[in-house]
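Each of the next two complexes has chain A plus one more chain, namely chain B in the first and chain C in the second.
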Partner chain A sequence: MKQNEQPEKAARRVRKVENQKARHQRHEAMEALKMLDALRHDFSKPLSSMDYFYELFEKVYCRREKLHSAKPMVGTLCIQIPYEIIYAMDAVPVRLCNGFHTNEQSGGEFMPAKSCSLVKATLGMLKQEDIPGVDKLDYLVHPTTCDQKTKSISMVEEIGYDVYHMEFPRVKESEESREYWRRTIRKFTKDLSKDLGRKINRRSLKSAIQKVGKAQVAYHRLNELRKLKSVPILGKDIFLITNAFFFDDIERWTEMTLAVCSEVEARVKEEVSAAGKRSPRILYTGSPPIFPNLKLPYMIEQADGVIVADESCSANRLFNDMVSVDEWFMYDMVDAVADRYLKGCTCPIFTKNDDRKRRLKELIESYNVDGVVYQSFAGCQVYEMEQRSIQQQMEALGIPMLYVETDYSPGQGGQLSTRIEAFMESLKVKNRRKQEG
Partner chain B sequence: MLYYAGIDIGSTAIKIVIIDEDANIVGQKVSGSGSMFYKYAKESLAQLVQDIGITPNDIVYIVSTGYGRKLFKEADETISEITANAFGAVKAGESFGTIRTIINIGGQDSKAIGLDEHGHVVNFAMNDRCAAGTGKFLDVAAAKLEIDVEELGECHFNASGTPLSINSTCAVFAESEIIGLLGNEHSKEDIVAGIHFSIAKRIIRLAKKVGLNGVIYFDGGPALNAGLVAAIEDELGCELAIPEYPQITTALGAAMLAKEGYSYSVSKELQE
Partner chain C sequence: MMINKIFQKIQKADIRKFRFWIQLFLFVIFVYGGYVAIDVGREIPVFSCGYDREAGGVCYFMSLQHQLARPWERLFSGASLGVLSAFGVFILWFIVFNKAWCGYACPLGTMQDWITALRKRLRIPYSTYSEESFKSLKKIKYIFLLIVILFPLLIGAGLLDPEWRGGFCKMCPGRLITPMFVGDFSQWSIDFSSKTAIFLTTFGIAFTVVFFVGSFIKKRFFCFFCPMSAMHYIFSPFALLKLKKDGEKCTKCGDCYRVCDMQIWDIADDVKSRDILRDDCIFCLKCVAACPEEDALQVDIVKWAIFKSTKGGFAKRMGFEDETE
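Up next is the complex of A and B:
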């Protein structure tokens, strides 16, 4: 509206200002659809069993359908919150770490300019108070893992959520930290049961551990196939599958992942490869690709690379170690669950992180990796800092590594794709020379 | 005679090199890329073909590179400018000895490339997204100082005092810094020298990431700026190898790859 404007002129400009919430949701849907379309149609030989996952994301982020009904929903803001305990109370855990550029922008107001895209986007989504796929959030758990997550708890509370603070140690190897973390989980188990008014017992916890265990087995079965010489499944599909684990019904997820396994195994028999003959085999590590911010995996595989292994909290870290229980008693099981989450974690927040190096080395060897792509969200200090020691490790191993600093912006000009293409080209030259001797 | 073309569609200029079967450069052309990369590249190639007196059909293989590489539909192959730059530098810099490091400053990015003894890319580093320390930065500074980009080199050597320091890493903020320096009555010459040294420091930091060994080759449009070259050499403490035509190294590399690509596709056809 403009002051003193001629009516005819004003009439030409008549338009309705869109409702802000609807506008935000429309932007989210557009972003989701764009990535889904690209992942689905820009690659040859699609797997038909992947359709379930594409439709799942479309259902949640474009049509905003709710997935779970009548069960208490427990939002988690990090990988470190044990799903087993939540499932044991017949509640549903939903990982809320967000990957939308739209949310990164709207959540930017809470955070310093150079800070983690993931934390900003998660705040932006929580601010909307309409969480995709979730009808009503009954509980929200926030751990004190990295600095930015820890400090953002107060912003989540400022938005109006009740947050359960979960203490997390920064040292992994010591007996003190192990005990500290076990106590955190024991306390969480009691508190959650009390707050939700739901009971947990030996039987329900055992069955929850087994339920998560089955999902882990399905994931590992799929991963075994990525070790093959001609890779039958692309990394972009794997990232979509692991991302779905954030919010999907766990039993349905396991069933659908096994369906992908069967299709891929059939492909192996027919000797169908998803990648080119000379495609460099890539290990992805670093800040987590979370839907729809799958631009780096997308670019790598568009540049004729193939991601055969990954080390991030949106993919392999979800499934790494299984809960190992000595005796199926309540206390033993709760402690065993706690151990799985602390011991298996390779997050760079730890003072010393030799486990991450060991895991990377193990992945490089068993998946026959040609090169490593290390992504760090700009402002994610721990990943940025740990890059140095990983770079040194890779030099010692003779594995080329590309370090990329990015955020959630979808375009990023041609610079990022140029770097990725050049990296793939140099790996191909290296491989060819190795073959020629 | 068969001819091969390399087309480097950059953010500021389109560079084309045509070579013959013996890898001699028979034609080269630099023109602005403006806003219509594809159209201008096509026109520029047609013009060059005409200028050197061959027909478009004489060119049997085209490789495109640079930001606009994917837009050039006639290309038989596309290649990233990093690989093409390395190929071109090895060829153009033969007389300098074994090149192990390339420093390239382009219109909107700067990069350092490390090569092994065979001239293959082993690692590289690029500036992140912003145009600090690139050709764009020089354009912005020259415009503010009301001088031509071509005059920057000359200006550098006329600086009288200690070169001023430009701390900002961003082209836009650097402009405010330049305004500040002008406000303090510093001479254009001192400011220009300051800009060159700030770019030199940045690019050397980048080059150190890939390691500085052997002959260091410097190319890209800004390598035509003698003042900038002097500043980098001063900061580096050694001489740089600069080709006769620093703008076309990457296009030359693409042309060399076109020649290789053609013989590969022919030998494949013969096998089948």
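Up next is the complex of A and C:
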């Protein structure tokens, strides 16, 4: 009797088949929420001004709300696409570099097994047409920065996007490269204006430069506070703030960052520290931590370290160099904007990495760093290759460095956190010896 | 405390306005000083031309060429104590202010800045030299310096026609332009008395035309060829005012190079030299004002810093400061 009943029941049961997009969004939301909860609740003394940023990420990745309306959306696939030019046309730049494991998996089909997680995840996201905070993209700009990004342009086109190819030089010291890049940006300015049907003029570009400048100043003000002896803000919060800059409304972002500044400054007055007394001060460098792949900053600070400085394109490098204009006219402003994105850049894709080494040294000295954590995404050849020279430089400076190769998979967790804990312990021992001796 | 506050204020100052007023003031002194009996001497290390009959102070090259052209037996005798003392006065003037003479005091330099202001008003972009032409053209000022020093000596030795006396002055655009400010246009003529005179005065007119056209399209066009600038550079290591750079703090972003009227690459790209003053520098300090890195560039007098690059100052000058503060 029972045997006969079963198929009947099965037939009657209404089966809800989740479509692929919904499934993907559910996975993303799960991933995002897990990281947000960890960042929010696993640390003591949370800053209340950070709530805005936690909610922003939840809004974008969990509730799928859209942030911008009625303005053209310009997707950017690297740090080198000038925000100022896009804002000057009253369009919104959205940086698409992605940090989701879900996307890494779905983007994996395009790339060789051992290739950059970031590039894979970005391809995956574009394939799912699931752009954070945005309904649809009106424009997509892809610079020829590293090899993997350059080669992925044709894959993005294969998926069905129109991509603007932005040519980027790989030598930055020469006068030729400066001129080449300036020409690229001048052309981009013209092309974007034509394609979007939006005008750019002296006034709009000046106000865009100042808008971005104000955001940079806000970031610098916050960053300065990390130099203090008792560090008033954790690195995980900074990464979340700088990651929000990828897609948030810039003026609101600046306002909210200044709110964090005020709260942190008040903390400094009350002598409240976000980290322990003996927490090793860490400089983070290497492949960019992009939400929700903030596992490394999370692990470092869970292991009682505190990230006081960073050198990566999802944080410091986004804000570091500023535009300086001599004559406030289009001819000078566009070139000035171009220079900002080339000359000071410490990306490892360039032939030489002297500037990156000097930046690291300067950060180590002015932020009083105890140790360096260098992350390279497995398959990110340029960071992997530079590791050796940075290691040598750190040895010369007497600063211990931990090199970790990671990807976006959560599986690595245990082994990685053990290494990080051991590194933090060794730094503490070293500090104690220094104090005693 | 008070001094500290004043120092902080200076760091946020609008260097352009400051410079504009100093330049105007010194322009009036040098070009019109004679009307109110101002005379600061004939050993001034800028192109304040002696052909201007109301000059409040005269370019050292005028007297230098004159003095060096003495017959050698007189030049190398006790009678030349005056030559040495004039040189001493020149050095004293120079050592205090270094090349700031160029950026703040030179009437010819100031005129070029005004021509630049006119160009800006017309919204015409400026031009720059390519790296190669920069490197070859910059040698010209040393050739002119040779003319200033060597030619009079050759005249004194009897090896060169005395027609070449004051040769550089005759070639210099300052001779034609400066007197115009007091209504004297008589220098705009060709002297047909000899072949040399024709050459020198024609060169002078041509150079002056080039001066106007050049400085309209290229910032501080003439300074690039100025023998006084070359002369300064020889003595600048001993100057009290210094332009210094801390290469460790430099990110090589090139903001300083961007605003540099003289296109000096080293200001951005050299991260080793402490003394970053180069021969083409006019010490205008635009680079220090345009540097967003704390203490990367600074101006010292003896060993005290008087003006430094600061994040706050940069932000203020660029209009990046938050209004609420």
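A few points about this structure:
The definition used in the following text is that the second predicted complex is superposed on the first by the 419 of 437 C-alpha atoms of A that agree within 3 Å, B and C clash if a C-alpha of one lies under 4 Å from a C-alpha of the other, contacts with A are read in each partner's own complex, and residues count from 1 in each chain.
Assume contacts are C-beta pairs under 8 Å (C-beta built on N, C-alpha and C of every residue); 3 or more make two chains touch, one makes a residue touch a chain.
Computed from a predicted structure; not experimentally measured.
With chain A as the common reference, the superposed partners chain B and chain C fit together side by side. Contacts of A:343 after superposition: chain C is touched, whereas chain B is not reached.
In the overlay built on the shared chain, the residue A:430 is in contact with chain B alone; chain C does not reach it.
Touch criterion not met for A:259: it reaches neither chain B nor chain C.
Chain A is touched at more residues by one of its partners, and among chain B and chain C that partner is C. Shared-chain residue A:218: touches chain C; no touch with chain B.
Put simply, if you stand at the Cα centre of chain A and look at the Cα centres of chain B and chain C, the angle between them is 120 degrees to the nearest 10.
Touch criterion met: A:361 reaches chain C, while chain B stays clear of it.
Legend: residue contacts after superposition of the two complexes on their common chain; A:422 is shown touching chain B, with no touch to chain C.
In the superposition on chain A, A:329 makes contact with chain C only, not with chain B.
The gap separating chain B from chain C at its narrowest, counted between C-alpha atoms of the superposed chains, is 28 angstrom.
Interface residues of chain B facing chain A in the complex, by the touch rule stated above, are 67, 79-83, 109, 118, 120-124, 126, 128-129. Of all the residues in chain A, the ones that touch chain B in their complex are 400, 405, 412-415, 418-419, 421-422, 425-426, 429-430, 433.
On the side of chain C, the complex with chain A involves touching residues 120, 123, 125-126, 130-131, 247-256, 258-259, 265, 268-269, 271, 286, 290, 292, 311, 314-315, 318-322, 324.
Touching chain C in their complex are the following residues of chain A: 173, 175, 178, 209-210, 213-214, 216-218, 220, 258, 320-327, 329, 331-332, 335-336, 339-340, 343-344, 355, 358-359, 361-362, 365.
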